[in-house]
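What follows is a set of structures to go through.
Paired with chain B in one complex and with chain C in the other, chain A is shared by the two complexes that follow.
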Partner chain A sequence: MSHTTLASPAQGAEPPPTTAVPPRTTTKASRRGRLAAALFSAPAVLLLALFLIFPFVSAVVLSLTNQRLSSPLPVEFTGLENYQRIFTDPEFWRSFGNNTLFAVIVVPVQTAAALALAVLVNRRLPLRLFFRTVYFLPTVTVMAVAAVVWKVLLLPDSGLVNGVLGTLSFGHLQPGWLSSTSWAMPAIVLTSVWQGVGFQMVIFLAGLQAIPASLYEAARVDGANAWQQFRHVTLPGLRNTLVFVINVTAIFAFRLFDQVYMMPQFPGGPTDSTRTMMLQLLQTGYTRRMIGQASAIAVVFFLFVLVVTLVQRRLGREERAVR
Partner chain B sequence: MRKTIVVAACAALALTGSGCSGTGGAASAGSSCDGKIDGKRTISTFYHGGGAEKKTFLNVVKDFNASQDQVTVKVQSVPEGTYNDAVQAAAASDKLPDVLDFDGPNLYNYAWNGDLIPLQECLKDSTRKDLLPSIVEQGTYNDKLYGVGAFDSGIVLYAYKSALKKVGARIPTGTDNAWTAGEFTDILGKLQKAGYARPLDMHMWYGRQGEWFSYAFSPIVQSAGGDLINRDGYKTAAGALDKPEVVKAMKTFQSWYAQKYVDTEAQDDTPFLKRTSPIAWNGMWAYKNGYKKAAGDDLAVIPLPDFGTGSKTGMGSWQFGITRKAEDPDAAAAFLEYLLTKKSQLTMYQAVGAPPSTTTALKATDIYAAGGPMSLVTDSLNKAPKVAVPRPQTPAYPAITQAFSQAIDDISLGRDVSAALKKAVDTIDQDIKDNDGYPTQ
Partner chain C sequence: MTLFTASRGRSATLHPERSRRSTHNRPLHYLICGLIALVMLVPLAFMFAGAFKPNADVLADGDNWRALIPLHPTLDNFSSAWERSNFGRLLLNSLVVCGATVGLGLIVNSMFGYALARLRWTGRNVVLAAVVALIIIPFEALAIPLLLMMTELGWLDTYQAQIVPFIANPFFIYLFYSFFLALPRELEEAARVDGAGPLRTFRSVIVPLSKPAYASVAILSFLTTWGQLLWPVMATRSEDVRPLPVGMAVFQTLPPLQWGDTMAFATMMTVPTLVVFLIFQRAFVQGVAAQAVKE
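Coming up: the complex of A and B.
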């Protein structure tokens, strides 16, 4: 998981208050200022165009053709056929459903866990730094590595997880995690939360430290207990952070790929119970060699994530207005 | 405006290496062999294998590099599970190596794409005549030879004679008296009752991404009288893969999983080696890779069960071809010639335990020669395509193998057999239609 995409939502989470624009006067100085602005932004704009805008435009164009990965046949314009095929493909809807299910579980669980961890390590505990590092470590691990490690931990007979579960339940609860249609998704959720929670924890930690200590003092003077302090000082103070974290977690959740590719015996298995849109995209484009149709999936995926993000930001804004 | 967008898109595509006209000269023919190597050459090759197989291959390459001073071979390793994806991507971005190794049946797609060049002019007549007929058949597309295998292959059942005796099962000696599917299912049941919780290892752990599922389990389809595709014209899988006989055979296959005869959680060869699964459905490579050592004289090598039209088995293995990117195909051909020498063949045989692909080398092996313990494999290959069945020789193969593997996976996990096979048929037929029936180029 690359973290480069974080930059834009991070800045966007709290836009600077727009004050009244000063009346335009085309003086020499302002023209020079505009030139400087253009020059400074040029590298970023160029890179964005090269790596984000151009690929996206090409995906849109390709999605209207039958472009293949490699074939001697000529490329033909096929109109909306690729989209029609996607929307009538039960496999696509299955992966869409799995993505949604994953997001619905992971977003609240991971956000709550990250918040709990952040509050925990924000206290003046002995070895505080040590615990912060330990909780953050999985995030430093590459997802692919985490997936392989968890695959071993989740082995049905010799894995650590089932060893512990077996002892606790006297041998009654020992699921074949990755080979069972009902347990595969929970296994993926477990791995993902374990790997991702540290990152959100750090963001929450930064948010917690921005809450002035005087607010807690005032609350204590008013006789608020720990829960009341958390409910009425910490949570409101973290509102923007919370909105951002939920937003990013949701986007990551829809990009789910590494785990479902590496952990089950067959990517997306067993019987498609962990198939996701990203996997569908990869297999359509590479294994089935249909770049055109894969591009259509990419476009649909992009629009879907865009809508989810816009809706979330809308809800986030309203919360702020209440304050 | 629209034109600008298209131009921009093409520019962006060019950056990622694809391009907008077809697939960037994929169809342009490479140069051909003229019989002499021009100056000193360094050629590259992809290689899929790992472990002992790779080590031996690298040694053969080292020997080749040392044996003459004109050609130097450089090896690039590519993981086996997604090998075809990697090759397709390399072809699309024009980054193919000079020499390509590939799992046999993908040859037809690569040849159709124009990624490979014919080998007729490249190999010596004497070398070509020495190749096993099965190797020539699998390497030929559109009447031209495009690939040569370093070895052939076959699938058998390995079993402990003592375990079979315990349940009173007869031990078939050849494909003529193979177990029937019903008999085999019966034996599995008896073995389970005799205390073997999971008597059969189907080697599901070889991974569902590579060729194992198609290679190992299509003989069931063929033994039932069906096939992965209708080989008359290769235009549709309907009527071949979804035949009632195939559905019946696949239901039997499914019952082995439903009855928990198959060890589906195995992660390596332990179940057979430790005798917890006394029967293993495995390739010929297992004999030399531990099975003989573990079982000794108790090891029985048995043909696959007969689902109606006789016992069948797989054949074919990884092959080598020369790509259109080879600047001097003669340099690449020199390397292929070296791989086919008796010395290299026997070196590979020692490491992989596979039947060599030339008659000369095959005769010199101790286990595949007539009367040897693995002569069942040689016999089956000699009876190709009646017993050893080549995988479908069509450019649609990558789509076929993917659809069939998915069906096998679904069936083994308990999905409805007819629905799974129907889905595979639809996927295959759609692919053929999408490629205009793969017209001969």
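Coming up: the complex of A and C.
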């Protein structure tokens, strides 16, 4: 994979100089070229403008109004009132807290697990492809399916997970999972990691394969043991991949929706212990039809994604400068 | 830290000392890999087993080894789930939405990617930078204004509400752009000398050369569209256009609550994608790995 050329889009923007295309000589040819460019670009540009840029700008504008979904009431400019309202809403902070809790557990756990899996199946052993396939399988099942299957596996009295835990702990450890306010989030973490870890494993595998074998040779010549090789060759070589995976997982943690919508008896339950920002978005904008206030949630969510990504770009750039 | 005794097996054969160590660790390595494989497979095995069990047995056998083995196998759950959930219709809806989104997306995004990578026009670099900047916007930030738009267009509860907003995708445009940029120019020059216009050059030279890029984007696009839940929950009301994940969300709460039926629904929904995955594994993995290129 030509990772290096793709790593910096800004530099990649300048194509290699072409000698075959005559520079702006015949007007007919260049007119034809411009027509072709317009033809090739128009559908995508039009769709992006209508369904990405326009709604994005709308979200910001709507968040400053009292717009509702199909209501005869006149729309008024309300300034920052929606933001004030969500920032003083305990339900919003509860959601934000749950997302943060989820992120704090899932980001390190899933990243470390995916890295460990990638290192395990990167060895040249027979059956390695079989294991890779098996670890990736849950990713192919959609989250809605994973949610329902785990819901049954995690039933407190008749679920397989508590069956196994009960045997291992002689009946001492029997969490209530989705019916308990303190165990519902761990239940959702478990489901998410199971479904998502294979995806990141594949990204790590791509990163591992980009590390030149000669670096490992050199490390061995210097007498580095396996741990030292991992610490001083693998980890630095994976730095960009690692930063990328952490970024994606953190954003994913704040997009958490399918599991909290489908797994508890009521979405976000029990007693709001799995309520997330996206559930809040759905219930504010769709159920309660408060488009303005839901747009404010969307804008806050976007700003969060922006910050996470900018931090990641910064960390990634440092790496490039060192190289 | 035995987990990390990895590294290149190929060089291990060149170094007798290392190969001895790695054979020594091999049983442990397999044990760990096998245990993890078990954890990954048990939920799927449970789903398959549950689909073939009489409804009452799913919970009755739930907490022991019998959970994974249908002792009295039956196909009743499949017919019952199919009828009660109107599965055929839901499947058709998912296929229409996915097929159109992926298919139209491939055409629209690859053409724009080509214009950005190869055609000469003023403002191209600015547009390219804009496309790259748009990648960062997550769909969730747009869902609410889109809901309002769809309501005003009268598109609620239609296929097009689930297709049209998802055709153009800045990330896929960027993937195509990167791929086309790396293609050698000679073949296009040859086509141009032969008198082919840009459209014919694209269709008969570029597209056939770019099958891996199309496969990667198709699979990424399919995986995200097939599993979507939040948007169709907002934008669809009826079974006529509702896709499978929303169907699942509704069906699992539909009285009478029957876990065997639910597992049969989950199995019917999963098997087609599993088969496609096992056939096109390579493209799946490349499609996912292509994500990392984003940065």
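To be clear about the criterion, the second predicted complex is superposed on the first by the 265 of 323 C-alpha atoms of A that agree within 3 Å, B and C clash if a C-alpha of one lies under 4 Å from a C-alpha of the other, contacts with A are read in each partner's own complex, and residues count from 1 in each chain.
Please note the rule applied: a residue touches a chain if its C-beta (ideal position, glycine included) is under 8 Å from a C-beta of that chain, and two chains touch if they have at least 3 such contacts.
For clarity, every value in this text was computed on a predicted model and none was experimentally measured.
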item: First, second, both or neither for A:58, with chain B first and chain C second; value: both
item: First, second, both or neither for A:71, with chain B first and chain C second; value: first
item: Which superposed partner A:174 touches (first chain B, second chain C, both, neither); value: neither
item: Touching partner for A:153 - first (chain B), second (chain C), both, neither; value: second
item: First (chain B), second (chain C), both or neither touched by A:288; value: first
item: Of chain B and chain C, the chain that contacts the larger number of chain A residues; value: C
item: Which superposed partner A:271 touches (first chain B, second chain C, both, neither); value: first
item: Footprint overlap on chain A, where chain B in one structure and chain C in the other make contact; value: 54-55, 58, 62, 67, 69-70, 155, 157, 286, 291
item: Residues of chain C defined as touching chain A within the complex; value: 1, 3-12, 15, 18, 22, 26, 29-30, 32-33, 36-37, 39-44, 46-47, 50, 58-60, 62-64, 67, 107-109, 111-112, 114-121, 124-125, 127-129, 131-132, 134, 136-138, 140-149, 151, 164-168, 170, 173-174, 178, 181-182, 185, 189, 192, 197-199, 202, 223, 226-227, 229-230, 233-234, 244-245, 248-249, 252, 259, 262-263, 266, 269-270, 273-274, 277-278, 281, 284-285, 288-289, 291-295
item: Complex contacts: residues of chain A adjacent to chain B; value: 50, 54-55, 57-58, 60-62, 66-75, 155-157, 176, 179, 181, 265-267, 269-271, 286-291
item: Chain B to chain A touching residues, read off their complex; value: 5-6, 8-13, 15-16, 18, 20-23, 26-27, 82, 84-85, 88-89, 91-92, 112-115, 204-205, 207-209, 264-265, 267, 398-399, 402, 405-406, 409-410, 413, 415, 431, 434-436, 439, 441
item: Touch list for chain A against partner chain C, complex; value: 1-3, 5-7, 9-10, 12-16, 18, 20-21, 32-34, 36-41, 43-45, 47-48, 51-56, 58-59, 62, 67, 69-70, 116-117, 119-125, 127, 131-146, 148-153, 155, 157-160, 162-163, 166, 194, 198-199, 202-203, 205-207, 213, 216-217, 220, 226-227, 229-230, 234, 240-241, 243-245, 247-248, 251, 255, 257-258, 261-262, 278, 281-282, 285-286, 291, 294-295, 298-299, 301-302, 305-306, 309, 312-313, 316
